[in-house]
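Following this line, the structures themselves.
There are two complexes below, and they share chain A, which is joined by chain B in the first and by chain C in the second.
And now, the complex of A and B:
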């Protein structure tokens, strides 16, 4: 797909093509394509169960035993992650690709001190002395803005709050300067006030370390503030992809429109006292067994052919915008204007 | 921010503030000291006849606990018996822990057919009454401290294996294990450095009771005359004294008291450890 990178000749850091993930008889992800460049934040958006987390785990080949990657290629720096052997994978995990998990409260080992957990992660991938690793652990805690880092390294996880633990998780994730950081709903378990701090931290680390950042979320507010590009997923497929400013201000896919309409934000006129909050009727389970567009059962503007023909994401309107909806695609000729 | 948690409550600190634990630990230390001092205080073989038979306790300064039917020093016997009990109790438990943790850990971590096979093996061992199996194993081999220790270790591992298996099954699903995989740690490392330390608390508590059970098993074995014939043990002393139960009851009562106190102390220590190591009591 040459249209995806018209600007940069540099190959993308991560190039996922036609990814299919299956859990038993259920297909979680069906033919997903996306790319991440160095230093770029890509947001993967969609409601629960649309395959976001499965996609993230598949990038580290950490799917639970019931799940497996059925087909597709996961090119990371030109090598297919699917073809790596276990030892190569272990060298990749935590060093080249790191992941920040959703639950900071339970993702740290309760019986090991913070310092030990960071130094172990460093020494797994870098041949440094225990003393050097210790010093680096304090440095990393400073980097993620933890006050009294030299004291906190001796603490155990239970002494830290959720926000602090997530910072520690981030410190561990970036300990070996990964090229790609996957953040799977990194702030879902945190207070709203902490959310912005954590994302600011992730964004600063992305810039400083020139990492690609895959931000998995269902919070469009976060996407608007922190992502460069967005991929909107529905039932394991991509329905729309584009730059954040365009996609959020001029969404084309009815699902994206619905998601944006459903996000209450401060300053908008939405208030539950004034009437029903907007919602997308139905649920994602209705996509099962639909031969055509998976969103058709919930789509107000579905035509007869939506039920039979599966729409593929197609370049629409320029600026790398992709849309998987023939009904809402702007009329041909439109995109010529947007190139101005 | 760090929550205020003044003063830091380490498991050791909690244990030392627990009267049950302290009582148990004191008696246990007494038994261990007796075991350590025995060869210095009584360098001669405690099976030697050193005085006239049936000397009652507290009648002769040289033999404070009296002598038995053959004129052997009861105090020397009780102290040397402590050595046998401590050595066999600790060593048999160590063997049980090693086998049980390995098999239980493998079954719990890998699951699937590995789990199925190992659970069957555990069930086979559990269908035998443990003491009967000890008797059978010891009578096949020559009775010695080594064979008795091995026999008791072999019958006691299933308790630990079941415990460790259950812990591992729940721990391997925890987020921090997934996070450890995400950092590129090997399975062996995850088992040893991430999962095992989290499973240790109940294992430590159970092992204190296992030591007590091993001591009782050894005593029962010696009582039946299946113990090491060259060593004096509390069980063999009770066994030898039971014929004179009506005339010289102290021959059964003194080693019996030593045995009861040791087992009690280990149970108290187990309770104290349980209180100190129980995650819910620790206040996360």
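And now, the complex of A and C:
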């Protein structure tokens, strides 16, 4: 169900402004802004090196020791996450804001039973008895549609398939009814049939719990099927942002267009004997050291100023559609309305 | 446990056959068995009309050079302590190219064909990106001029924009050598659609559908194939229902009758009791399903 525009009076659930993340000498994320509302799915999409995972980790201040948030504000329900004390952060993580990762096998403790891992997550945040927590654990496994929940609570992660383990991760993540769920490549390691099941589950939970869902992925197909809005990132910067139906049908940024064109789709008739698949030449390493637009080295429409002037995302006149590309900005001139 | 349980396929010279299925269906095992990397328990493998099933050692060697493999994770198959030049020259040395200058010449030629400059040859694997490493993997597979290359999920580990580059490379290399065939193993139907001439769909050790790529996409006959196609992200639009429920069953204890019946919305009594055989239902299109009609 697409989100209604214009803005409601309620402030966004998450409001990230001007986020800059650094790893050692490298800037991984540069000046990123985005918002998420409750009940909405925002996709953060991009390939390796775009900074989407670093962004996700920074929201829970889970960056590894080599990473740091250099600047920016991360407002969750109006409070800046950067200013929270460690005790407040711990109350937030797993409760108000929860996360699901790509590799469930590495996030689940191999020597604890499934039930134990869920009850641990519950009792970390809620003052319930062990018995009540166990009952809740079974309920959660049912909620994520794991068959034979009463038996599975006693099982260990290695006994479950990848898809099942991911469902367990989701059960743990929603155990305390988070208002924001961050799913970082939740289905990349899974078969396409299981991917569909997992995304369907996340979407149902989003609706039932009225959560904001931040879906981080490199797969535009998932964005098309499951997200309301999308932010496209390249080498740490936002290239384009907008409603999914609009942006995927009428993309403006050369990178977005390239990404869409070279995503092989089952629906397209293209076969190698009839013609080459569209590709984007080069790779993201070429962005290193470029002062202007990081995509310039791979862009067919790059002008001289693209190499030196940093492109900032600007409104394009379409609802909520932002574009960081002076070359392809539509000629709407001053009629552009700015919503803030 | 029969990872591959009575599979028959053929690949013509110059053809790309895609083998598609979920993890655990046996497709990788089948690929390795064909290359004699994994022993088979029964059946025959004929290469260029020669039965190579029982060959070993020196008898197998001349066939080994004609069948090569490109792996999913290029990092795992490149020796991190050897330069690319050395890694590429090794197959030539093993197969009797004694002259060093000749090896060098062939290594440079193949590197160029896959889009790597000759300055790459003195570098080590860690200095390359995922896409570049896969180019090296492809170069290594092709340097002996094989007739068959088994590609096992060659682009799954790569970014989308790099996937397109590598797929185009594989397609170009195929176009320029009419006798080169690929067995392309993948779970990604979008990729398969682009590169395959024929597609074989595998489920729990068996081929359930086998057709030309156009026929498979225009008329998918097996419910599993249809489910796989619908499950691909981006195709359902805002479809939002998972087309196939449940997980792949335990291969140690496959369901009786049609192995897919527990997950099939159309299952009838005959499906639960009798194993369906592959039969031709449309021109160049076989399917193993009791209910499939033209």
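Here is the rule we use: the second predicted complex is superposed on the first by the 321 of 340 C-alpha atoms of A that agree within 3 Å, B and C clash if a C-alpha of one lies under 4 Å from a C-alpha of the other, contacts with A are read in each partner's own complex, and residues count from 1 in each chain.
Everything that follows uses one rule, which is that contacts are C-beta pairs under 8 Å (C-beta built on N, C-alpha and C of every residue); 3 or more make two chains touch, one makes a residue touch a chain.
Just so it is clear, the structure is predicted and the values come from calculations on it, not from any experiment.
Look at chain A after the overlay: chain B and chain C fit there side by side.
By the touch criterion stated above, A:60 is placed in contact with chain B alone, chain C being left untouched. By the document's definition of touching, both partners, chain B and chain C, reach A:161. Of the two partner chains placed by the overlay, only chain C lies in contact with A:280; chain B stays clear of it.
Vectors from the Cα centre of chain A to those of chain B and chain C enclose 80° in the overlay, to the nearest 10. By the document's definition of touching, of the two partners only chain C reaches A:197; chain B does not. In the superposed model, A:112 lies in contact with chain B only, and not with chain C. By the document's definition of touching, neither partner reaches A:26: not chain B, not chain C. Using the contact criterion defined above for the overlaid structures, shared-chain residue A:301 touches neither chain B nor chain C, since it reaches no partner. Of the two partner chains placed by superposition, A:210 touches none, neither chain B nor chain C. The partner that reaches more residues of chain A, of the two candidates chain B and chain C, is C. Across the superposed structures, the minimum distance from chain B to chain C, using CA atoms, reads 6 Å. In the three-chain superposition model, chain A touches both chain B and chain C at residues 161, 164.
If you check the complex, the residues on chain A that touch chain B are 60, 62, 89-95, 98-99, 101, 103, 106-112, 120-121, 124-125, 152, 155, 158-161, 164, 169, 172. Chain A meets chain C in the complex at residues 47-48, 161-164, 191-197, 199-200, 203, 218-222, 224-226, 258-259, 262-268, 270-273, 276-281, 283-285. Of all residues in chain C, those touching chain A in their complex are 22-23, 129-132, 159-165, 167-168, 171-172, 174-175, 187-191, 193-195, 197, 213, 217, 227-229, 231-245, 247-248. Those residues of chain B lying in contact with chain A across their complex are 1-3, 5, 174-176, 178-186, 193-194, 197-198, 200, 284.
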